[in-house]
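Next, two complexes with chain A in common: one pairs it with chain B, the other with chain C.
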Partner chain A sequence: MRNKITRNSTVAFVLLTLTFVLYPLLVDTEESYLVYFFFMCFIYVAMAQGWNLVAGYAGQASFGQHAFFGLGAYVTAITWKAGWTGFLDPVAMILSGAGAALLAMIVGVALLAKLRGDYFALGTLGLGEILRVVFTQGGKLTGGPVGLLLPSSSYESLGPYYFIALAIALSAFLFVWLLMRSRIGLALVAIREDEQAAACNGIHVLKFKILAFATGAFFSGLCGSIYGYFLFHIHPLGFFSLNWALLPVLMTVLGGIGTLYGPILGAFVLTGVFELANIYIPEIHPIFSGLFVILVMLYLPQGIMSLGGKDVAKRILPFISGISKQSERR
Partner chain B sequence: MKKRIGFKKVVLLGFVLVLALSVGLAGAVHAKTEKKADKKEILIGTNLPLTGILSMVGIEQRWAYETAVEDINKAGGVMVKEYGKKLPVKLIVADDESDPGKAAAAVERLIKVNKVDMLLGGFAAPFGVIPGCITAEKYKKYYHTSICLIPPWLEHKFQWSTLFFFDLEQACSVPYEIWAKLPADQKIQKPALIMEDTFDGRAFAGIFRKLAEKYGYKFVLDEPWAVGAKDYSAQIIKAKSLGVDAILIFGADADCITFVRQMKENDFSVKYMHGWKGTWAGEFWQALGKDAQYILCDGFWSMDFPFPGAKELGERYFNKFKKYSVSVGALYALCQILWQGIEKAGTLDSAKVRQAVLDNEFQTMMGKVKYDKSGVATFVSTGSQWMDGKQMTVYPFELTTYKMKLAPPWKER
Partner chain C sequence: MSAASAFIQILINGILFGSMYGVAAIGLSLIFGSMQIVFIAQGAVIILASYFTYWVFTLTSLDPFFCLLLCLPFFMALGWGFYVGLFHKVSAAGKNPSLLLAFGLMVLLENLMSFVWTPNPRAVNTWYTAVGLSLGPVQISFTRLMVFLISIASAGLVFLFMKKTLWGKAVRGASEDMRAASLLGISPRRVNSLTFSIGIGLAGIAGVCTSTTYPFDPYFGFLFSLKALIAVAFGGLGSVGGALMGGILLGLLEGVGSYLISGGWADAISYAAFLLVIMWRPQGVFAKATRAV
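Showing the complex of A and B:
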């Protein structure tokens, strides 16, 4: 039975991936808005999956993803401007991810050893704000408040961006999937459930927490790199924007925190809702998007992943019957 | 035990989700696509900060664009030779949320979903204009813009945009030109330079310093100031102790309002105060009332300009918002250039319209406009003084009869 599920799952996964791989080959990438939409979804999937590893599996809620995202973009821009790397250069992207991971390790030693829960979350939030000021005051190296302008004439097609972002999202998914099937995954879950009990059982708590934190940062750095290549203007306000910390959190919680597929669903649903609201009701889109998030949190506090056949009825029917009863009273 | 959904269901749910989004987004795209023969209107897109930190300043820009569209449609539309008829203009506004990434996304949407024929520019170089130009460049759509400093725009060597804005050096020379006209006993002795620590603020500061040397001035106080700080009393007290008699200030309107209020609280007045970005909007006067009197502001335009339609446009704006504007004329002129460019090109092809804009001279509410080969046309940045709720044009001298007044101490106002 288990083998059958695994086989079906693998087939379905391959089919879904193939769909995404084939899609841009069947349409004009420069005309199709969906190609751009999926590109953004893939970035959010990787960011959300990284945060999910730190918060969902290791139990360390971080609000500092924007620090790693921005750092990744700046590493890409600085190395490109210096002539050490080029356009859409894998070396620059790896360096961006590695730079973010290194920062996470350095900061993680201090933050993760001393702070827990809300205090750790606030500490990481401060990290992003500190980096924003540092890069704003960074002089010629970072371009100061002006940021770094990259040669936009390098752009040829959205296709390469799409495939790179897809590869990053797939890597994040597969990495977390493999990790959670290893002894490291077990250790992370043990830490999440009870740190002291995990330590008593011989788990080096700090080491595993830093590992998760640095892995999440690595994927954020990669995302910052590809997005930097896409925008061609690395700017402290845009790349260290709190949105890059909050949206992955929102997506993961919306999809289902601590689940492998939750961040994927959350990223697609939330990006889709935001986009559709922007297209159809541009004047009031934040109201609609906010309302959607509130409703999901009210009726699906465990995220979309908690939806099962029976659960749907359990959760949705009282809501609908409540509305109809109110209508009858009127 | 907590029930978890299986992989198969997740994948199925994923497919359904992707399909639904595809249908939704593709439906949106399909609905907006028109065949060439059925072309009924010219679709012009623009990314404006409807939400976010710049939402207040985008109001004048939106009104100017909408008014220009309304006026051209009343005149029957824009003649497009390719279609053999006048076509009305439809303006589609997308919210860029005052964020560079969102600005790029908004322009992507305008081009790919709304299928706009060309675009009018957003607000401010780093937030809306540069990301908009880059995105338009990717998809080879004409992005006809203003409100962006020229040097960072030129750095990109854009081939699908044009820029209509003031030259930074000219804008920064305005206070020195005004000071040069002051009588000998009223000359500025101890000016201070207080510039916002941002993209634009630093650019302005560099030019102000360079020109100060040229005009023979030395700033006794030269400090950047933080955006959104609530207390500027340290800088104010320092300026007071140094005997500063003139302030050149660049900052957001909220910050400038706070600064002036705290100057009054500290009983510190200067005979000449000139602001950029934060002192020209009607909100500045509304917030400060008579305390804004005598303060100078920058601007793009004046309803007192002797160009056709300038006075009427200024009055229409006043009738709508009960305040005056020193920007709407320039943005209205931007639209006038585009309509004429389309007519000259005789087509809605982005490359041809841009070329027509580069090749021709245009009569607008800002006077005659001619672009250079790099795609830039400049206009003169104005200097105006707040007097009883109106920005009275002080500079350019040849376009005004108003004489600037030096500010008395607070107690005598």
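Showing the complex of A and C:
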């Protein structure tokens, strides 16, 4: 039974990925609204999956992903301006991700060793807000409050963006999937369930927490990089906006925190709802979005995956049972 | 004006303004104490109260400080409604949903205000808005002084309530250990709805105060929530006096920081101080040092 369901979901996943790969080849990427929509979805999927690893699996809820997103965008812009990298340069993207991961490691040593639970969440929130001020006051290097303008004449088509974002989302998914099948994944879940017990069993708690935190930051940095290339204008208010921290959190919880498919589901549903509201009820769209969040938390606090997916999720990933058991106990 | 008196002026302004952070922080701290959630929509509620005051003032030209008497029961009822209608149900599902619920509420309130009252900044302008009192070389704005007095008075009332009444005792007990408190017959539902209505009522007071001293717009609230959060961390969670002192300390820090370095860095300074405090003195700046566990 387990094998059958695993096979089914794998088949569905591969088919879906193939559809996404083939889709832009069939339509005109410049005309199709869906290509842009999926591009945004992929970015959110990667951000949400990164946060899911940190908060859902390792149990360290961070509210500072916007720090890494913004940093990634700025690394991309600054290296391009300096002439070290070019347009849609993989080197720049890797650098952006690595820079974000490096910051996460440095900050993580201090924050993760000292702070737990809410205090860690608030600490990371503070980090993001500090970075915004630092980049606003950064003078020539960061362009101050106006930010950096990149040569937008490099833009040719939405196609490359689409495929890069798809690749980032896919690699985030595959990375988390592989990680959670390894000993590292077991260690992370052990830390989430009971830190002291994990430490007693010889798990280097801080090391694994930092690993998860840096991985999440790496994917946020990548997303910031590609979104920076897309907008051609990196400014502190937009790229260090708290939305980049809160929306992935919302998507993950909406889809199902601590599940592999939850963040993907949440990212697509929430982006879809927000975009539809933006098209059909533009005047009251933000009000509606707030209301939607409230309704979801009222009636579906454990996420979409908990609906029919409780058993399925259990079979796809045995260690999720910890979370579903918790919800059953309540 | 000499440098010394300018500095004193900054200190006084910092204290006066910080007391407003303090009132917001007390509400946040109470809600955190009993529910263990950071009520991030606090700032949006504060701005809602500011609009309420503005609205009443513009329509009926009722004095803003008098409007406090109208505002307080309304917002206490609103807080009770928040708990009974929203948070009571969701708190059973865990912490993340409650936090996100508060976030959704914040987005909803902000955009509702911007829809109803337009996103343009508003201010309540009365005949005494520009009146200042001179104490030697130092100027004190009348409205800010009023704000300070109201803040101290409301903090004092909450403090007395917590220390002297049975209800207050129940709230203190619940914030120490909800499980043990409920074993002793304290109803979590009642305590939570009480703290919510006091917390939101305090947000109403802070909102009236904001409207008389500063121009505000619908999105100003989030910043207020963050400031209140920092003040709570300074004062140590769950302490009424600490939250007020934390607010004043934050006001001082911002005033002195923007005077000595530059206005643009003021926020970074307060967040950096916030990080330092939660890392090395999580029990708050004013608490007696406890043994590290």
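To be clear about the criterion, the second predicted complex is superposed on the first by the 301 of 330 C-alpha atoms of A that agree within 3 Å, B and C clash if a C-alpha of one lies under 4 Å from a C-alpha of the other, contacts with A are read in each partner's own complex, and residues count from 1 in each chain.
As a working rule, a contact is a pair of C-beta atoms (placed from the backbone, for glycine too) under 8 Å apart; a residue touches a chain by one contact, two chains touch by 3 or more.
Everything numeric in this text was worked out from a predicted model, so none of it was measured.
Of the two partner chains placed around the shared chain by superposition, chain C is the only one that A:114 touches, whereas chain B remains out of contact.
The partner that reaches more residues of chain A, of the two candidates chain B and chain C, is B.
Contacts of A:298 after superposition on the shared chain: chain C is touched, whereas chain B is not. When both complexes are overlaid on chain A, the residue A:286 reaches chain B and chain C alike.
By the touch criterion defined above, A:268 lies against chain B but remains apart from chain C after alignment on the C-alpha atoms of chain A. Touch criterion met: A:123 reaches chain C, while chain B stays clear of it.
Within the superposed three-chain model, A:61 lies in touch with chain C and out of touch with chain B [touch as defined at top]. Touch criterion met: A:136 reaches chain B and chain C at once.
By the touch criterion stated above, A:163 is placed in contact with neither chain B nor chain C. When both complexes are overlaid on chain A, the residue A:87 reaches neither chain B nor chain C. When both complexes are aligned on chain A by C-alpha atoms, chain A residues 136, 283, 286 touch chain B in the first and chain C in the second. Those residues of chain A that touch chain B in the complex are listed here as 5, 8-9, 12-13, 15-16, 19, 30-34, 36-37, 40, 136, 144-147, 149, 151-153, 155, 158, 227, 230-233, 235, 237-238, 241, 243, 259, 261, 264-265, 268-269, 272, 275-276, 278-280, 282-283, 285-286, 304-308, 311. Those residues of chain A whose C-beta lies close enough to touch chain C in the complex are 61, 110-111, 114-115, 118-119, 121-123, 125-127, 129-130, 133-134, 136-137, 242, 246, 249-250, 253, 257, 283-284, 286-287, 289-294, 297-298, 301-302, 327, 330. Residue ranges of chain B in contact with chain A, taken from their complex: 3-15, 17-18, 20-22, 24-26, 28-29, 50-51, 93-95, 99-101, 104-106, 108-109, 112-113, 126-127, 130-131, 134, 137-139, 152, 155-158, 197-199, 201-203.
Residues of chain C touching chain A in their complex: 36, 38, 86, 89-90, 92-94, 96-98, 100-101, 103-112, 114-115, 222, 226, 229, 233, 262, 264-265, 267-268, 271-272, 274-275, 278-280, 282.
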